[in-house]
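Naming follows writing order (A, B, C and D), and every chain is counted from residue 1.
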Amino acid sequence: MSSTDLEQEHPLDLESKRVSVKKPEQRFDTQGEMPGAQRVHTAMVNFVKDFGATSAAYMESCVHCGQCAEACHFYVQTGDPKYTPIWKLEPFKQAYKREAGPFSFLYKALGLKRKVTVEELQEWQELLYDSCTMCGRCTMICPMGIDIATLVGQARHAMFQAGLVPHELWAVAERAEREGSPLGATASVFEDRIEWMGDEHEVEMRVDEDEADVLITMSSIEIQKYPESMAAVAKVMNHLGLKWTFRTDGYEATNFGMLSGNTAWQKDMTKKIVEAAKKVGAHTVILPECGHAYGALRWQGANMMGEPLPFKVRHISEFLAEQVNNGRLKVKQVDSSVTFHDPCQVSRRGGATQAPRDVMKALGMELRETQDTGDYNWCCGGGGGVITIHRADRLRYKAFEIKMEQIEKAGGEMLLTSCSNCRQNFDDSQEHFHWDKTMHSLLELVADNLVEN
Amino acid sequence: MDLLEFARGPAMQWSLIILVFGIAWRLFGIIFLKRKKDLAEPRQTGVLGGAVKTIFSRSVPARAFWSRVMYSNIVGYVFHIGLAIVVFAFLPHILWFESILGFQWPALPTSVITLVAVITLASMVALLVKRLTHPVLRRISNFDDYFSWLVTIVPLLTGMMAFTHTGFGMRYETVLAIHILSVEFLFIWLPFGKLGHSFLVFLSRGTTGALFARRGART
Amino acid sequence: MSGLADIGVKIESGGFVADDALTGMADAVLREILQHLSALRDHGQTHVIDLASLPLTTADRRQLREALGEGEVRITIEASGPTDIHETAYAGVWWVEYQNLLGATAIEQVEITRVPAMLPSHDDDIAGAVSRLADAMEGKNPAD
Amino acid sequence: MNDKKKLPETLGEELSRRGMSRRSFLKFCTAVASAMALPASMAPVMAEALARARRQSVIWLSFQECTGCVESITRSYAPSIESLIFDFISLDYQHTLQAAAGHQVEEAREIAMKENWGKYLVVVDGSIPLKDDGVYSTVAGETNLQTLKHVAEGAAAIITVGTCAAFGGLPKANPNPTGAAAVQDIITDKPIINVPGCPPIPEVMTGVIANFLTFGDLPPVDHLKRPLAFFGDSIHDRCYRRTFYDQGKFAKSFDDEGARNGWCLYELGCKGPTTYNACATVKWNQGLTFPIQSGHGCIGCSEPDFWDKGSFYAPLSTGQWGSAEGIAAAAVAGAAVGIGVAAMSRAKQKKTSEQG
């Protein structure tokens, strides 16, 4: 398949508020030619392959208390018990019990636990992909401390190997693997846009420098939908007087390999950034305003590569906080109240909850928190690849209602986040609900309010 | 050998052996599974502290969840604390523990124990009713959930029957034997069903606590 | 310890504390007595209530005894230890207390009857009495 | 046993011979009825029936025993009305009490059996050795087993006295060197009533015989063939210290404040809750006291195999949890299995990873 084939098969929909492939006329939610039994077998083998002490401890300790449902935006908004987080893992729990649990020998010998069927796995595709953003809010409520989000990620690996990924998610992941970017932000597009933004905002851009201390990466959402963030990050870097660069051989921070569940692709995508950083001798790699990109490189990168990374990995909000806290980054006072939406992967699951708050404090903004905030923030509903899946739209909007209600109550004049995926979900939902609140980028706000040197 | 002798003798010995064997098996069987080294640069290194903190912090739901899980938590707590009081503060039980551990502790008055047992029983019934009626719980419940409930409530019921000398036609020593046997069955079932959470809770909470502490996330 | 005197033994008198609480059983027994007393009036039916067979505490017994009160008749029988019988304040209701040879109360009964079963002389005893009296009048020594 | 005077035919005659009034007898019957939980109005009926009762031939067989049961029954505090029953029955054979000796005695027994065939009562105290053809206890060259089988053949009913005869008792205790067995293990075709206890309460014996004399048969029994009237409730159910148990007040040692206050002896190993007997109500030595009242816990002597049910001083709620070594071995074995299973799972994972 050439890239023209790609365009014909799964054309990107760059006109809408969120980027995905165009709504497919005919859905193909299974990939490859495989008999059903083989799909099931592949799924289970790959699930067990990933299995370790951590997942086993989780699988064994669930007491079926059902409290995780109460933390999940999809359950809370629909009341449908199938959206109970732990239920999303049911086929894999069954597989675990049959293959590795204490009574596995009994189950097998007596045939007590029937094998999971391919129909069930197909049914579970919706639960594992459409209705889970892996936001990990359920992890916070679980009295046994089970990290359900991790298990869902693991289950997705197995689903991918069995060719049971939703059409759009597979399409963008496949595009990312072949083109280097899931949403058409190829190296040449990237270069064009950098040039454009440099001219437009009269800011010095650095691309493909041979040596740099800091490598800046971008998410294709930003490149395609919010290119101003490229100018913004350049402004900040220049303001700080750092030796930084963009690299056309390592810029794409999103990792649809991870979201779709293909570990090989996930590694390929990680590798590009790691090698680019090594090439320029960067001591820091800065990840853009993208939630899952943070998890992919910051927490999974070294494990994907099989060795510690020779540089520090920072989310842009973390980096900004460091710089305002050590006084190098000087910002003007912004006379506005603000409500901040925490990106799950950066705050709750990334440990950088405080960083954006430090930055907003430096900007002198009055922070008006939502009722559930920080580590207990409700997910926007679009993470984990959910936003790309058309058939999940109705559910995603339903989940978004929580956000709107809480943000209205909090009442900040400005709405900020540090995740472009959340941002595009807000934009898309804003349009859907004809809502009057627009989401803004923390980075861009900082860039706009730098104190001139 | 009558039933009571069997319950107090070989059944007790074997059930304890199976209990200890099972717990060791389950724990070691999990701990020694593949454990990948986490190569990511940690935000903080106090991983053990995080594990311990989560083991405690998860005992109470976070404020953000209170309104949604208050009922199950309160009933759950009543049931767990009630059970603990009945098991550990009733004198005949303390004497049993003393025969193993070699020391004893003060008991609560039996009138208090009776009251607590009744409350515990009621809370268990409430939990079952919820499991049978709540759509989420109905969906995710399986044989283990109902069976473990039964295995837990039978000792409580038979214990109360023995204590109050209510045998419904059975003699006291028969009721006592059934009570002891039911506890022994609980011992045997505990490591293998969901009652295993009594020891696995430390493992799963600790695992997440360590993971989150490493990332500097809330433990 | 040097000797028995050092062992502190508490001698409790008048029953045990635990046994000294009212349970309300006395009221139930009173109702039962009333029923049987009516049966005695209407059909001449007699009845005996063995207090040992009822779970009465010492306090209950005292309460019952006080509720029934004292009547006109009080009899002491000497037969294998003393037996005290008195009619209560309610005619036809008798309180019967058997003591054993050690002087302890062995049995307590409430008898609802015109004459308690212990009182009338038995035919066999009367027959024996006839011969004994006759012998005595003839100056025979009964010991022979 | 006076042969010169004509023996009284009925118990009523015996009464008047002794100059005992019917009021005394009524009092006795009232006590028996009360003890046997018969309706109080039954006492006068019982007195009339007993007064007309004829002498009953009784053959008393003593096997592996200590004579404690006979002592208990004969050594009453004072000559009592209970002894009347024993005076009245025709005790035709009893090693300890009879004056005669040697072959005469065995002959007397044979005569009594022949004369009262099908009507005599057999009382047994002591267990019967079965091992090595019963050589461990013989009388006049006859093993106890032979004697029992022979005498039981013409019996109307058998009353076992004491735990040895009823359940095997001490001789049967582990390791039971003589192969001791209870009467009911051997005789299965005759009505048997067990009056266990080590020793049994005299009043219970008299009650059972009085019942037999009055009604011509044995009183209702429980599953261990014990008269329900005396063995229907546990010691614990009727114990005057029960309230302390309910309140959770326990003596911790035999000389502490709790013991002095008369608190419950559960913690000191009292077997009252699982022991059925009339000690707490009938008491001993003419109603004077019983073991718990005297400060010692019940040892459960009227229950089968009470010797082998653990220490008399171990609380009922404890049991044999086995050796610490056994538990430790279980832990080690469990750990080994766990590690083994985990290793197998790792190996399997490695294999599947290599395959794909």
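The rule we apply is simple: a residue touches a chain if its C-beta (ideal position, glycine included) is under 8 Å from a C-beta of that chain, and two chains touch if they have at least 3 such contacts.
Worth saying up front: this structure is predicted, and the values here are computed from it rather than measured.
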| item | value |
| --- | --- |
| Interface with more contacting C-beta pairs, comparing C-D to A-D | C-D |
| Chain at the geometric heart of the assembly (C-alpha centres) | B |
| Inter-centroid spacing, chain D versus chain C (mean Cα positions, whole Å) | 31 |
| Separation of mean Cα positions, chain C and chain B [Å, integer] | 57 |
| Chain centre separation (chain A, chain D; CA means) in Å | 80 |
| Chain A-chain B separation of Cα centroids, rounded to whole Å | 38 |
| Two or more partner chains touched - positions in chain B | 22, 25-26, 29-34 |
| Residues of chain A engaged with two or more neighbouring chains | 51 |
| Residues of chain D whose C-beta touches two or more other chains | 247, 345, 349 |
| Touch relationships between chains, expressed as pairs | A-B, A-D, B-D, C-D |
| Chain B residues touching chain D - in the complex, by the definition given at the top | 2, 4-5, 7-10, 12-13, 16-18, 20-34, 91-93, 95-96, 98-100, 107-111, 113, 165, 172-173, 176, 180 |
| Chain A partner contacts - residues on chain B that touch it in the complex | 22, 25-26, 29-36, 38-41, 43, 54-55, 58-59, 61-65, 68-69, 72, 76, 134-142, 144-145, 191-192, 194, 196-197, 200-201, 203-209, 211-212, 215-218 |
| Chain A - residues contacting chain B, complex | 51-54, 56-58, 60-67, 69-71, 75-76, 79, 81-82, 84, 86-87, 90, 102-103, 139-147, 298-303, 305-309, 312-313, 347-353, 371-372, 374-376 |
| Residue ranges of chain A touching chain D (in the complex, touch as defined) | 45, 48-49, 51, 100 |
| Touch list for chain D against partner chain B, complex | 234, 236-237, 245-248, 250, 266-267, 273-274, 304-305, 308-310, 314-322, 326-327, 330-335, 337-339, 341-343, 345-346, 349 |
